[in-house]
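As structure tokens, here come the structures.
There are two complexes below, and they share subunit A, which is joined by subunit B in the first and by subunit C in the second.
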Partner chain A sequence: MNVSSTSLAPGRVRARARSGRRGRRSAVLLFALPALVLYTVFTIGPMASVFVVSTREWTSIISPSSFVGLANYKRMLADDVFWQACINTLIQLAAIIPVMLPLSFMLAYYLTRKPAGHQVLRVILFTPALISLAAKSMIFLAIFAPSGLFNAVLSAVGLADFELPWLADPHTALVTVIAVELWGGIGYTAVLFAARLGSIDPEVFEAAQLDGAGHLRQIWQIAYPIARDYFGVLTMLEFVGVLFSSAGTILLLTRGGPGYASTTLSYLVYSKAFLTFQIGYSQAVGVVLFVLGVLGIVVIRRAFRTES
Partner chain B sequence: MFKTITPRAKAVSVVAAALAVTFPMAACSSGPGGPTGGTSVGQTTELTVLTASNGSTTQDKVLATWVDGFTKKTGIKVTVTNIGEKLPQAYESSLAGGKEQDLLFTTLNGKSLTWLQNDAIVPVTDYLKEWGVADKIKPDALAEWTSADGTVPGFPVNGFFYPFWYNTDLLAKAGVTEVPKTFDAFEAMIGKLHAAGIPPMVAGGADWAGEKLFMQIIQSYMSADETKQVLNKGNYCSVPNAMKGIELFTRLRDEDLFVKNTAGYTAEQMNTAFYTGKAAMMQAGSWAFTDAPANLKIQIGGFPVPTDAAYSKPTSLQGYNSSGWWISPNGAKKLDAVKQFIQAFYTDESITAQIAEAGQGLAMQSSKPVEVTNPLLSFAVNSLPAEVEFAVYPDLFVPGEKETTLESALALVWAKDMNASQICGELEKVYQG
Partner chain C sequence: MARTKSRTRLSPVSHILAWAYGLLLVIPLYFLVISSFKDNTEIFSEPFALPRSWLPDNFVAAWETAVLGPGLLNSALITGGAELVSILVAVPAAFAIARSTGVLSALTERFFAAGLLIPAFAALVPTMLLAIAVGLFQTREFLVLFLAASVMPLSVLLLTQFMRTIPPELEESASMDGAGTGRILMSIYAPLTMPGIATVLILNFLTFWNEYLFTLSLLGPDVTLRTSQVALPGLVSQGYTEYGILLAGCLITMVPVYLVYILLQRHVEGALLQGAIKS
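Up next, the complex of A and B:
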């Protein structure tokens, strides 16, 4: 006698459906388990340890540590260097984000118009992303050295009085680091934007052009609203990159100096941990950085949220 | 619509999951530097070495040649890793994982000053005499490496002189016929060089080179004990002789002793500027003697101090806290091979190679005379000590955790808008941080 599900009692049908769903959930969990384990161990674990270590007095990873509660936070809040690093970080964000993102977007628009040689231009723009941090720093150390290319150009055009030790002058060190970061990021971000803008139907721009819209209007009143969500994602990524990853550039170019003139929060984490043997304090700064990062991401996501 | 997962598929998934976790773990468990050596009973066949060099110096090449010879003679394979200035961090990370190299070749300053108390290295106090190398090390060098309780953390190898280098061709162009021996002659020389359009002195204001020069000048009025106390405690503003020394520095700075934008020069850029004739003077270590261009006429000397200074002769710096051999806990497990390595390194033949060929190894002493062919090194060894008084070399007295921040703070002192009070304030801030 054939029994099909349609001939089963309703209770048995529901039980079989529940069993099927449980089986599918088990399968999903089974396949996701390795990734979850790796993520927990290598991402969540270290993140949690930042909070734990920030409550300890610890000079190096090979020496014992002791619990000190919030002492590192109190010391941090009373430390002029921390506040200087906060100001430098805000300057860095305020200088890079509003300059890099719009410039990159406009450059991307230009690329999508497919001017002559646009394919070569894409490669040239992307090249800085292919240069390692160490190589990039060596290049700019030479360019901004007292007898380097930049000062040589200034001298050649009769501006020798403006020659400075760009990386060692407290008034120019941070600005120079920012300039290097902009150099490295604008082209790369433009290529990323171009990938998104390339998917917009060209007829949209043609129609706008027929209606008399110039390029600037096409960029900001046509392309931007369409790609707003993507713009927000790249803004968020750039924010996170500047906030957390600028320490490498600073380490290789200025080491946070002269004095603390180019010390940012991310560099301060490195400096306190590895140069002044204060790992607990450095993680307290790390917690602040984490909180700033989360707040920044939330604000940016809200600002660029579009109604679907 | 969905099939339930079959037992066979489940089994495959479990195996795949296990492999996905196992492979990364296996990668983590292997790596360089761990206990290796294919040991047979009591016999180590491999040693690993970590150096703080970048692999391209003359001493690196001399060491590489020596290591080849050592391996051929003893059958002990030696793997040398040149990691540069990141050695302390790299070593501590590998030590935390039990994978550290057996031997280190690095300096006695900064982080390494904390290794004894953290059991990061094995002291060599007993091995000096047991292995017969004590008399191959200069007493002054051994004294510098011996801590207050008599413990010696490593075997000293490199000593150095740190004189002023004078380009006598450029001095002659400015009408300066001899290297100045008095402060008045030094100041007169600055004026003559400017008149001839020759920048007097280049300093590595952006890094440690500037720190050494600054520290040498400011201790002109302090006794050695006073200097050590100030370097250790950081009370620059409250010690009158320290302030006098800082004022001496600002006086020379404001007389344009230093080239334009000297704050931006690294040590390498300083060397290059001097070698290419862009300045008449620099202060650099004897490790650079072998790199100096052969066609450059250089005379080394001291910094002539004012007549009311604490020193009666021009001052210079020397030290023995440059690189030495340190034994790691892993290295202590291979003491048979380490002993052979150290004993072989401290033979007369090896010491001669280090001094004569590499221009290094000045903490070591050979039982036979060593012919030094490099003229600058020969002068430094044979004549300089009689012409100068050696001031306090800062590295052993500045607390290790302050060193890098101090260098960074000292990048500010080259600007003419920083007066002595502001400078001492910046220095004291470093010690409070």
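Up next, the complex of A and C:
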């Protein structure tokens, strides 16, 4: 909830709000009503009803539902697919978060040193942010196809033995999906970090250089402590994004397969609701995601809280 | 990346790593463009070579097979509708938060700030049930309202930031001239917030145009309703996929985004940065 105040200048905003220069005009808040209603009806309301839906069952998507208590949760906990999805989600988080954030941060430091060509590199790092999920998935579908670009490169460099149907092999499907998620993410996050690092007074780094600090030390002992709050915010956003948002990519790349090899909790929510029409079960998984999300945010906020 | 001897220079290793990653980003895009002019045999036998011919056959085939004409039209209608609704609702809300004081205003701001952390995906299934309950399942109208709602937190907060930079003196002199609140919004705040409105429009354009999962779930695969994003994966067939046609379809759906990017490059980058930093 404090996200905004960690990255902005909250003091200034609050001081102004308290100054009361424009005071006694709360009627103007009526102007915020349409936005509040729209957001509540279409986002907060549905979000809250996830809990209700998880205690009901539908026989079909348009027929009325009935209350089944915790039956969906029991079914979920007894389902091997659910546990496999938990493991896959953990793998996904463990593979993406500790890789993406430090690499992006180092790349951002590289950009802020303004080496030759950094502007071109910046544009390159930005472009994946413009490509839609569907188009990105289709491009990688072609790249990782059995006779696609990736295998062609492997055989060109003499590694033909390692050619695989990457998205169709149970050992590589999840890893391939993770690679696709990492592909553009590192660059985009780096550009965001670079914007934050760019606001650090260059003299800070110059002083460190005079003391003989190398670049790695400047990154982790000078830039990082200064940008720590922002690092925490991006870690949180990335965590929530990875936890919740892989359903689309997985639907388009592997459909959770082969078998359930690349089924994550996010994709399980989607597939249970839309492919097998077990809506209540799907939302029981949704509740698990929600709890994991809140837990993760609390832990990350703790970890990045600045001692003061 | 060992310490460099020179104080200001980056080590060669860091240059190599940074540009290797850059290359990793560019190669798929190069592959996308050249492959969209090839057939499967040519894609697989000479993946890096320039196409033997630059005939637009694949583009024609993608356009016809995926019915991209109506798809692009639906994308445009939905994007345009959602842009209109979101701006009409977010501008007054930002105005209200920037201008009023007190607990309620602070609470409203916090409400939207908390919303930034909530991924829309969490509410996918109940949103579909809501659409069914109000009789708007598989209609563009529902999707427009939903998409506009989903961008409220960021839009309102960004616009609030911009409106806070407007000096209150401007408004005081206007209210002395007898202008009502609505007129102050329309004649002072809205025009002066134009850069902010442009930022929000660009950011939301990318979100709306590129949206896939909600559009698929709420609108369905009906050819007359579906957007270009939902139509695109239809070019993948269970049996034999023509990758050249698929990738040509990708390029077609990407044209509007890249047009906006080329025309407004600075603004698009600024918008994406502000969107992420202000959150």
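Note that the second predicted complex is superposed on the first by the 275 of 308 C-alpha atoms of A that agree within 3 Å, B and C clash if a C-alpha of one lies under 4 Å from a C-alpha of the other, contacts with A are read in each partner's own complex, and residues count from 1 in each chain.
We take it that a contact is a pair of C-beta atoms (placed from the backbone, for glycine too) under 8 Å apart; a residue touches a chain by one contact, two chains touch by 3 or more.
Owing to the predicted nature of the structure, the values given are computational and were not obtained by experimental measurement.
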{"item": "Clash-or-fit label for the pair subunit B, subunit C on subunit A", "value": "clash"}
{"item": "First, second, both or neither for A:F290, with subunit B first and subunit C second", "value": "second"}
{"item": "First (subunit B), second (subunit C), both or neither touched by A:S132", "value": "second"}
{"item": "First (subunit B), second (subunit C), both or neither touched by A:S63", "value": "first"}
{"item": "First, second, both or neither for A:A71, with subunit B first and subunit C second", "value": "neither"}
{"item": "Touched partner set for A:I200, first subunit B, second subunit C, both or neither", "value": "neither"}
{"item": "Superposition-derived comparison: subunit B or subunit C, residues of subunit A touched", "value": "C"}
{"item": "A:G257 touches, of subunit B and subunit C: first, second, both or neither?", "value": "first"}
{"item": "Partner chain in contact with A:C86 - subunit B first, subunit C second, else both or neither", "value": "neither"}
{"item": "Subunit B versus subunit C as contact partner of A:D169, first or second or both or neither", "value": "first"}
{"item": "Touching partner for A:A179 - first (subunit B), second (subunit C), both, neither", "value": "neither"}
{"item": "Identified clashing stretch of subunit C versus subunit B [128-136, 146-154, 164-172 or 254-262]", "value": "128-136"}
{"item": "Subunit C-contacting residues of subunit A that also contact subunit B", "value": "19-20, 23, 26-27, 30-31, 34, 38, 61-62, 141, 145, 147, 274"}
{"item": "For the subunit B and subunit A complex, residues of the former touching the latter", "value": "2, 4-5, 10, 13-14, 16-17, 20-21, 24, 89, 92-93, 95-96, 111, 114, 117-120, 205-206, 259-266, 269, 273, 278, 400-402, 404-405, 407-409, 411-412, 414-415, 426, 429, 433"}
{"item": "In the complex, subunit A residues that touch subunit B", "value": "19-20, 23-24, 26-27, 30-31, 33-34, 37-38, 59-63, 79-81, 141, 144-147, 151, 163-170, 255-260, 271, 274-278"}
{"item": "Subunit A-touching residues of subunit C, taken from the complex the two chains share", "value": "1-4, 7-8, 10-11, 14-15, 18-19, 21-22, 24-29, 31-32, 35, 43-44, 47, 85, 88-90, 92-93, 95-97, 99-102, 104-106, 108-130, 132, 145-146, 148-150, 152-153, 156-157, 161, 164, 168, 171, 181, 185, 206, 209-213, 217, 229-230, 232-233, 235-236, 241, 243, 246-247, 249-250, 253-254, 257-258, 261, 268-269, 272-273, 276-279"}
{"item": "In the complex, subunit A residues that touch subunit C", "value": "1-4, 7-8, 13, 16-23, 25-32, 34-36, 38-39, 41-47, 49-50, 53, 61-62, 106-107, 110, 113, 115, 117, 121-122, 124-135, 137-143, 145, 147-149, 152-153, 183-184, 186-187, 191-192, 195-196, 209-210, 214-217, 233-234, 236-237, 240-241, 243-245, 247-248, 251-252, 266, 269-270, 273-274, 279, 282-283, 286, 289-290, 293, 297"}
